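See the structures that follow.
What follows is a pair of complexes built around subunit A, which joins subunit B in one and subunit C in the other.
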Partner chain A sequence: MNQSKTMEAADRRFGWFMSAPSLALLLAVILFPVFWALFTSVHDYTLIAPNFDTFTGAENYISAIQDPAFRHSLGLTAFFVAAVVLFEFLLGFIVALMLNSVERFKPIYYGILLCPLLMNPVIVGLIWRMFLHPSLGIVNYLLTVVGFEPVNWLGSTQMAIWTIIMVDIWHQVSFMIVLLLAGLSAMPKEPYEAARVDGARVYQSFFYITLPLMMPVIIVTLLIRMIFAVKTYDLIYIMTRGGPGVATDLVSYSIYRTAFVSLNVGEASAMSAILLGFILLLTVYLYRYMRSLT
Partner chain B sequence: MASITLDKITKVYPNDVTAVNGVSLDIRDGEFMILLGPSGCGKSTTLRMIAGLEAISSGDMLIGGRRVNDVDPADRDIAIVFQNYALYPHMTVAKNLAFGLKLRHVPASEIETRINRVAALLGIEPLLGRKPSQLSGGQRQRVALGRALVREPQAFLLDEPLSNLDATLRSSMRTELIKLHHTLGTTIVHVTHDQVEAMTMGERICIMKDGDIVQVGEPMEVYRNPANTFVASFLATPPMNLLPGRIESVGAGALVVAMDGVALPVPTAFQAAYASHSGKPVIVGLRPEDFHLAAGDAARTAPIDLVTITTEVLGPEVILVANLASGAGPEIHARMPRDFRAKIGQPLTLHFDLAEIQLFDPETTRVLPRPAHP
Partner chain C sequence: MLKQSLLSLALATGLSTAAHAESVNILMEGVPDTEYVKTLLPEFTKETGIEVNLEVVNYAEMHTKLVPQLLASKGSYSAIVVDFYWVGEFTKAGWLAPLDDMIKADNFDTSVYVPKMMDLVGQVDGVTYMLPFYNYAMGLLYRTDLLEDEANKAAYLEATGMELAPPKTWGEYLEQVKFFTKDGMHGVVNQGLRPDPIAMEWSNYLFANGGEFHDADWNATLNTPAGVAALEQYKTNVNEYGPLGSASFSFDEAFNVMAQGQAYSYITYNFFRTAIDDPSQSTVAGKVEIMPVPGQEPGVGASLNGAWGWAIPKSSPNPEAAWTFLKWVESKKIAKERAMQGGSPTRIDVFDDADLNAKFDYMGAMKDMLLTSHNFPVFTYTPQLVEVLGRELSLAVADEATPADALAAVEAEMNELAKKDGKQK
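What follows is the complex of A and B.
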């Protein structure tokens, strides 16, 4: 009894000893920056005066929330996330349903679909910036060939956010397809046959069987995609720098500008903390939901 | 209720495999028909073609006199019970039962009445609020059956519905299905590879092999007059003993079936039928229960000398496994009374009931026709 207790303690000590290096690394690269940012967010810390001399409490948070530009960014990001997640889901689900009934060449379709997903967002941004160049881009060239007016894809305040949304869909829709397809191919076949004999038409099978059975996969996919979409930064940096004006100034890019253009690291940290709050909320919900499934 | 007619039904899969090969079968209105055969014989494919889940390559399928080849399963008014039950996992038992009725726009009050009636009939009332994952195998089986019953279809198609149950449950479900058929009187087509189910449940058995129908008939008719060696060896455990032999003439029109060291005199009633095969090799079919310890009427029984290989004591009976005394030929199985004992290697003389002998053509494996039992 006594001996087994000491052995257990020794085991535990050895466990901590073995995981110490990786724990230290995690602490250094993840927890430290987070705490540093939280600490900065309650100080008047700028890159002109990089010190923690002035404790400001919630001031940075209040000015961030009262800043119309930041509020615009939050609203725009919400719109962007809703749009990309919705369109990617609809498109992804349709393609996944079609691919699910495909018998031949499945690996080839998979390969083609995965290509965009494997690309770095910076490269995606660069490619599309070239494609969408108002006078030299191939997209406008093709449009004029078939008789349409050229479109100012990234230069128009009306168009730019939709262009970013379209490029993001091109880049990320495969993620939805792959996850939804995995869900679909794991579906049992028998209930469909039972439903056919029970009198269900194709659309009824879809609404009464596919959708309810797919719901866990759909919700998890949507949540994961939302968490990533909220953080979209690279595409904006490469394609528009938040412009024209603030037409594509998503919140991640807005934070970057506050920190490294306006040099106000304190307020940028407060903004990051607010964004972190939103993402944490989504993550907690995702985590809870996934736990409720098992 | 409806009759089901298969007229030269063929199923060829896209990979050129012929699963069902020009099968014709008349299932009468209200009949309990068994499709029996080993796995891969095409019985399930046949059932799925009746249900409409499998397209028919050629031939005509009629349900209640109506050609249904191109009719959607939804419009055939048949219900199917699958081997793995295929319940809707996200719906409660009540919703599983209601689903088919809802799709057919049956009024809610009527749905409730029917669900309650079927639930009472199958004893699943306490389960109505549960999901399939909260049910045992036997309970799921009942729900699957209930889902078919509640629809009150023209015919029930059962695709090995008992094969996932344990032995006790299977036996009680067999009885229940027979009772249900008796109460409802609806046509039932039941696919199984289990010959006990076939013998006990079916009004008629349709035995299939390699996509063809081998024999159709009432259980005892098929049992006593198997059409070929396949049927003879497929029905019952242990199956009919099949031994190589030869018909020989012993003068004055008398024939014997000669096996290694044994000569079984052919009963007078069969002699005319077998006369044309005199001098030719045959396969001799002897049912295990037709071996007796005591000699009976000399005209009906003939002694066979055997050497014991082993005995299997089953309780109600003992299965004797033995060789012919000459040591030649395959093992012979004989059903002995429960007190029978024999040591390994012990020589025995049993008496075979000659009126039960069946002879088969070794080339075609078909039975040599003979008059019914004298």
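What follows is the complex of A and C.
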């Protein structure tokens, strides 16, 4: 008994010892910047006068929340995240289910699907900007060839956000596919066999076996994708700069502008903290939900 | 033998290091004018023994790379180049070293510069911080072949009662934009992307209507008849006479439309005049000319000025060597050699140089553009003003704000920034 306790303690020590370097690194590159940003957010810190001389309390937070442009960005980002995550999930799940039943050439399909994911978002933005050029781009050319009117992809306030959503789906859907496919291939075969013996139809096995068993994987996938989608910055910077008007002014781009154009790092930090708060709430909720399932 | 050759090798290396002991490091933007400087550097090293290392990056990276170096007590850049956007910020933060003592000691003549250049990227409140490097004033690119076409001439005369010729006034130009929008051709192509493409382009419209950004006391003067007219005209040009989608064009996309022969005119940076004659990127080489953006009266220019300046940061490790370089690169001889390669001058004596005018027949138009140009407000918050202006103009073009409301919003924020900067009392 005693011996096993010492062994356990030794194991624990060894565990700490092994993870210490990575923990220290995480502390240095994640925890420290987060606290630094929180500290900055309660000071009047600008790039013109980069010092912590003036403590401002909640002032930066108040002025961020009172700023209609920031509130618009938050709302728009919520819409964008909901749209991309929903469409990518539906599309991704369908493709993953199809791929799961494929026997031959699986690695080839994988390879093709992973291509967009391997590309840098900046490159994706530049390529699509070229494709979508209203008069010189290939997309509108092909549309006119088959008799459609050319579309104002990025220049119309109604269309621009959907164009960004479409490009994001093209870029990120394979992430969903790969994660969901991994979940599907790890599923036990027995319940399906039992269901088949009992005469269950395909859609019944899907709704009563696949979906419930996949739930934890689905939640994690949605969560990761949501957090990534909130951070979308590159596509906006390359494709629209938030325009036309404020039609694509997502929150990350808005924070970037506050910090590096307005040089107001204090308020930008407050905006980031508000965003972090939302993401944390969402994460906690989804994590709890996942725990309740298992 | 081996020992001897090793010794001579060591000596040779030692000597060469001694001869090239000093080096000047400069951060520059990857643009043609930087390339022209690069080709001439061996000459400088030969003359002075000072090596020059150019670190060339793209525009988006420059500010991020400069600021930490400027904040340090000893940075790694001996000299830097400063966009007019940053002049207010850099001087307010006290990052640039005044050049007046060195200018005086060496009798370097700054009166040779176009005065507008010195106002923009030379002096701030009477202190010289920079030497103007190259200018990128905006001009009106227009299709000469369309103006010379006999059928067009007759049709234009019939429609407007005016002769078809390069527009002398802004009103005449707007008529031509309307006239040339036909048969799949567009009268104009605009760069409506926010923030700087639209803000810079629209500034020309403002000046063309006789408007300015602020009065002598820095009170914003945008929500005025001139400002509103400028924004109405801009909106009409984008939405009625321009190609689909120009509300989101950056300058490269707008240039491509012009270069593919799909538009009659394009108000843009002067360096595109050289590019439009390059057959590898243009189908209208030799058919496009540049002129100052016309104003309300003939001879009144409405071009927006823009420029880069050379400066020595206070954190420079070797300001003397940096000054040696600056006065060399800005000497008449080197400034002319840069211009002969296609560079954009800032010195009047270079603009008037006979060899240069013989080589580029549009040099006179470039000089006129600069002499009659207007400056964008230069203060600590220039980048922020561009951001606000870009956002509001874009909203107006997208029909989500009326021109008057959009300009009133810019005015309010501009006044606040000017107050914060101590410009407005």
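In this section, the second predicted complex is superposed on the first by the 248 of 294 C-alpha atoms of A that agree within 3 Å, B and C clash if a C-alpha of one lies under 4 Å from a C-alpha of the other, contacts with A are read in each partner's own complex, and residues count from 1 in each chain.
Please note the rule applied: contacts are C-beta pairs under 8 Å (C-beta built on N, C-alpha and C of every residue); 3 or more make two chains touch, one makes a residue touch a chain.
This one's a predicted model, so the numbers in the text were calculated from it and none came from an experiment.
Aligning the two structures on subunit A places subunit B and subunit C side by side, free of any clash.
Once the two complexes are overlaid on the shared chain, A:His43 sits clear of subunit B and of subunit C alike.
Of the two partner chains placed around the shared chain by superposition, neither subunit B nor subunit C is touched by A:His171. Within the superposed three-chain model, A:Ile209 lies in touch with subunit B and out of touch with subunit C [touch as defined at top]. The partner of subunit A that touches more of its residues, comparing subunit B with subunit C, is C. Looking at the shared chain after the overlay, A:Arg225 reaches neither subunit B nor subunit C. Look at A:Thr240: by the touch rule set out above, it reaches subunit C but stays clear of subunit B. In the overlay built on the shared chain, the residue A:Trp153 is in contact with subunit C alone; subunit B does not reach it. With both structures placed on the common chain, the touch criterion links A:Gly199 to subunit B but leaves subunit C unconnected. With chain A fitted onto itself, subunit B and subunit C come no nearer than 52 Å, counting C-alpha atoms only. Looking at subunit A, you'll find no residue that touches subunit B in one structure and subunit C in the other. On the subunit A side of its complex with subunit C, the touching residues are 47-50, 69, 129, 133-136, 150, 152-157, 160, 240-247, 257, 260-263. Within the complex formed with subunit A, the residues of subunit C that make contact are 63-64, 67, 71, 89, 92-93, 192-195, 198, 243-249, 253, 256-257, 260, 262, 380-381, 383-384, 386-387, 390-391, 394-395, 397-401.
Note for the complex: subunit B touches subunit A at residues 51-53, 72-76, 78-80, 82, 84-90, 99-100, 103-104, 147, 151. Every residue of subunit A that touches subunit B in the complex is listed here, in rising order: 188, 190-191, 193-201, 204, 208-209, 212-213.
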